[in-house]
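Report on the following structure.
Each chain carries a letter (A, B, C and D) given by its place in the written order, and its residues are counted from 1.
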Amino acid sequence: MIQNILDDIYSRISEEQSGEVANYIPALAEADPKDFGLAIVTVNGDVYTAGDADTPFTIQSQSKPFTFALALEECGIETTYEHVGTEPSGDAFNSVVLDPVTKVPFNPMVNSGALSMAGLIQEKKGEGAFEAIRSCYSSFAGAELSVNDRVYDSELATAHRNRAIAHLMRSGDVVSDPVDEVVHLYTEQCSIEVTARQMATMSASLANIGTNPVTDETIVSPLVVRHVLSLMFTCGMYDYAGRWAVDVGMPAKSGVSGGLMAVVNRQIGIGLYSPPLDEHGNSVRAIKACVELAEEFGLHAFEFSNAGSSMLSVYI
Amino acid sequence: MIQNILDDIYSRISEEQSGEVANYIPALAEADPKDFGLAIVTVNGDVYTAGDADTPFTIQSQSKPFTFALALEECGIETTYEHVGTEPSGDAFNSVVLDPVTKVPFNPMVNSGALSMAGLIQEKKGEGAFEAIRSCYSSFAGAELSVNDRVYDSELATAHRNRAIAHLMRSGDVVSDPVDEVVHLYTEQCSIEVTARQMATMSASLANIGTNPVTDETIVSPLVVRHVLSLMFTCGMYDYAGRWAVDVGMPAKSGVSGGLMAVVNRQIGIGLYSPPLDEHGNSVRAIKACVELAEEFGLHAFEFSNAGSSMLSVYI
Amino acid sequence: MIQNILDDIYSRISEEQSGEVANYIPALAEADPKDFGLAIVTVNGDVYTAGDADTPFTIQSQSKPFTFALALEECGIETTYEHVGTEPSGDAFNSVVLDPVTKVPFNPMVNSGALSMAGLIQEKKGEGAFEAIRSCYSSFAGAELSVNDRVYDSELATAHRNRAIAHLMRSGDVVSDPVDEVVHLYTEQCSIEVTARQMATMSASLANIGTNPVTDETIVSPLVVRHVLSLMFTCGMYDYAGRWAVDVGMPAKSGVSGGLMAVVNRQIGIGLYSPPLDEHGNSVRAIKACVELAEEFGLHAFEFSNAGSSMLSVYI
Amino acid sequence: MIQNILDDIYSRISEEQSGEVANYIPALAEADPKDFGLAIVTVNGDVYTAGDADTPFTIQSQSKPFTFALALEECGIETTYEHVGTEPSGDAFNSVVLDPVTKVPFNPMVNSGALSMAGLIQEKKGEGAFEAIRSCYSSFAGAELSVNDRVYDSELATAHRNRAIAHLMRSGDVVSDPVDEVVHLYTEQCSIEVTARQMATMSASLANIGTNPVTDETIVSPLVVRHVLSLMFTCGMYDYAGRWAVDVGMPAKSGVSGGLMAVVNRQIGIGLYSPPLDEHGNSVRAIKACVELAEEFGLHAFEFSNAGSSMLSVYI
């Protein structure tokens, strides 16, 4: 049944031709606009795919929730929130501005917050920082992930705005020296390659409260998952986050390569990939597919299909 | 069991003495800082209370979700979103600023958005606007609600900032003439008196997807409820909204009188009242009580206790 | 010689056809785009004119320096600067924003600052406020000025943004009740009719350190003039002020009717009128004429032709 | 007479004890708060000094007008204004924000604008950039100036915010690679040592329309001087610029070491030095001394003592 619906959505939404492939670096501009992959992984470890679910693409901003999760797990909640906030910023993803009151980034889903989280991992892990990140993502994906060097080199050469953000945060002691290394680390994490299938597994590991349902490896604690999902819900979709919360209502995160992941508590992880982006920087086909999946299966967190707390249901 | 936990929370949190009663008008400043009322109403119509659950207070900003609900129900989703956005603003409740791109208020939970919604009801209902609002709230509460005239007069005399916002929106054709009437209407809706028990019933009507579980009256459609809960989740707690989403994770709305309501999908509505406010303008005791209730019963929307979609559970 | 240069500039710049007449109210939109008047009045009382120097137009924002002057003269420097700042805002003329630190308008040349100044006159003069303003302007102009009622009525009906600003300032106690009266007063001052010849006389009264050079009436003190000219220099030309300071370098003020006045210390006042406006809201032909006059006569305040202080020249 | 007045001002204002020495790097914090030097150089080359007029200090932000002058002279007005604006920003000196419309810094007197100007010189001169700047300043000062290496090293180690600004401008193609070199160049120019006497000579070279009155060397054209003085007038004193324009009315520039220079067209240059700073970052004693000098000699550009244009005076 899930497979049938996935196939149906794939065939209808493949027709959609609007959107523009990101072209700020050649390596991204070469992506095939026709590519479209979908995958659903359940908390039981069942996998459903349609289309180009095994086409690799760089994870980009979809990495943000996972480095945030790693920071929470490794450095603790208190330390993490000394380096990043929890408030939606209402701003586009590459905003330079820090929270004027707290002087830290508004939240971990904007570039400044993601750089701050990478900086925190670097402070904790030193030279092992990138391997800690890569290894964490790999555990979430149930596969050994690696960097696309060509994308990494291109991104690094054009990371002027991220350098600006990192130096600004250095100025406010949000990140530590060496600042350049923080930018390298974040750029490298963004250049890790994944597939829609792998992203669905990563999502499913969040849905399964921190344990990869395919490999059974426990990666982060349930409390960490709650923090990550809450911030994905309120801040995961750039300046489209509010409308997404109303219309689709799943914790989600998108990336400039055309990837999109969404999580349904205790049930499934969804991974999608299609390069053409809308004006908010989100994949056109991936958004449409999520809207249809949410309607079909009643996935919205505040839909009548969501029956609240299983703990409370004992008493009422 | 629910009663025991409520009693226990009441007795422990009554001790809390911090916070300041709102004092910008005398009628609010006179509130007794010791007042503390709690109520839970289930979707089965069961009612649990503790403390001063029948002490009346003015609804203030807790009115915002209900006028928004009325606008969606009466004017339709499309028309409503021509007059208000869905994005968190990250700003304090009395921000003058409109969304620089769309020129409408960021969302219906800030003053500008609430004034815009009141303006929409006025456009639709003319002289019957206030009665439409009062009657709608009464249906949600299962009781005939009325205005506290003394608070209304005081608020109106000091509503300079709301007048500024309304004239600014008139300038951008977000509200129509007569502008003064829109400010009167919004001020009057804020001056309607409720109790913690009534607010819990209003919340429970949302939890019960639009139907009052005590009176069985259907007030708004399930789709309207989804929109209202989504925006309460992302924008309901002023500039504390992000942290609330992470720590408590229920759609909620607070008001300057010291009221706080929270909703658990398909299960319960919570109403609380205690006048002393924290620096974000939220009731100190009410926040603490919600934190404890959320922990006790696993109420966080992205907690492991939330089992996702009942529709999807058929297939996995 | 002055007459020859004026005639020459008139005949060349009359050819200029670019710009758009303000059309936000019908009474302004009816202005003849071909109208072009120039006048120079010297501190000796000599008058030179070219073109439509006696065509009436409403003074609009060119009123701002004169009500500011009246406030300084009547209420004193200290009280005045409790109600308005001296800093350039870098913003367009109808910005709602107040200085975030001082909570008063940035300067008296933006709408908020001009409304604050009108409010100060109202507080001081009560029912006689408008007559005090009209009479002051008339003394500067050496002629009995009066209001264009049709423009006044139109402006008042569409003054939504100014009402917003006034209520916002009421909220911060920058203006007093009745707020509506302040908006009426400011709108009425903006609807006073003048000609290019009269504006040149008003400017020449500033150049002549507060005394009308035609009537010999002393209106304001030299210190008041210094404050007015300084703020015209730094803030008089909307968001074109900085470029004007570099390229033309005279204290100046423009208005939406197409008027422009400029002052050369101790020498001349310049008044110009031509309705078509550029993208900054300044009269296209008036700007061009000022640029040519400044070059022809070396009028830039920091040009080598300006020989500094006559008091200092005694010693060096 | 000038000497007497200078001596008198020195002796009275030496008493002033308020203000705090800049302490963000040790090399600045060691400055003696009692130091107080004044110098006036006339366009005839006469020099008057009082107090510690030969105590060296680093030029810091007082360098900004001179690199701007060099850019205008070497690269032309058009190219220069493609890299920096002319509008006051109303912001503090270390604002990160670029003009949202033009995407270049607001003006050359804020850090972003000064970095942009340094970048322009680097683009033009390559490896000879610093020597071009040092040599230009030396010509203005009539003395071979050199860098304080200790200050340079300290400033460079803490230049996080300037690095952020430079990378942000690189992102918008306002500056070119290598970005680090631009920050080095600007930091080095700020670390050049001068005395109050030398700053007065630099100012006097501007007053003397581009020619050093002591050495008779012509450094920049009169048109460049006009641009520099105009922007010093509107933007030279950080967020105190507007009040300075009203109260003192001379083109001026201050620096964090406690230096302040001011220019009176065609007459004198003033150089002052005293380390304790007020809350705007301006030297307390230097400001007081300028206020007194301005009153004593009628130096305000829009004071009655300023007799306007010598070219126009022929005709009236």
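The rule is simple: a contact is a pair of C-beta atoms (placed from the backbone, for glycine too) under 8 Å apart; a residue touches a chain by one contact, two chains touch by 3 or more.
Since we're looking at a predicted model, the values are computed, not measured.
**Student:** Using only the C-alpha atoms, find the rotation that maps subunit A onto subunit D and quote its angle between 0 and 180 degrees, to the nearest 5.
**Tutor:** Angle of rotation between the two copies: 180 degrees.
**Student:** Which chain's centre, taken as the mean of its Cα atoms, is farthest from the centre of subunit C?
**Tutor:** A
**Student:** On a C-alpha centroid basis, what's the spacing between subunit A and subunit D, in Å?
**Tutor:** About 48 Å, centre to centre.
**Student:** Suppose each chain is reduced to the average of its Cα coordinates; what separation in Å results between subunit A and subunit C?
**Tutor:** Each chain reduced to its C-alpha mean, subunit A and subunit C end up 55 Å apart.
**Student:** Whole-Å distance, subunit A centre to subunit B centre, using C-alpha means?
**Tutor:** Inter-chain centre distance comes to 31 Å.
**Student:** Among the residues of subunit A, which ones contact at least 2 other chains?
**Tutor:** none
**Student:** So how do the chains connect up here, line, ring, star, complete, or something else (other)?
**Tutor:** Contact map by chain: ring.
**Student:** Which chains touch, pair by pair?
**Tutor:** Touching chain pairs, listed by label, are A-B, A-D, B-C, C-D.
**Student:** Using the touch rule from the top, collect the residues of subunit B that touch subunit A in their complex.
**Tutor:** Within the complex, subunit B touches subunit A at residues 1-2, 42-44, 46, 85-90, 106-107, 207, 209, 222, 225-227, 229-231, 233-235, 239, 241-243, 245-246, 249, 251, 264-268, 297-313, 315-316.
**Student:** Tell me, which parts of subunit B touch subunit C in their complex?
**Tutor:** Contact set of subunit B toward subunit C: 96, 160-161, 163-168, 170-171, 179.
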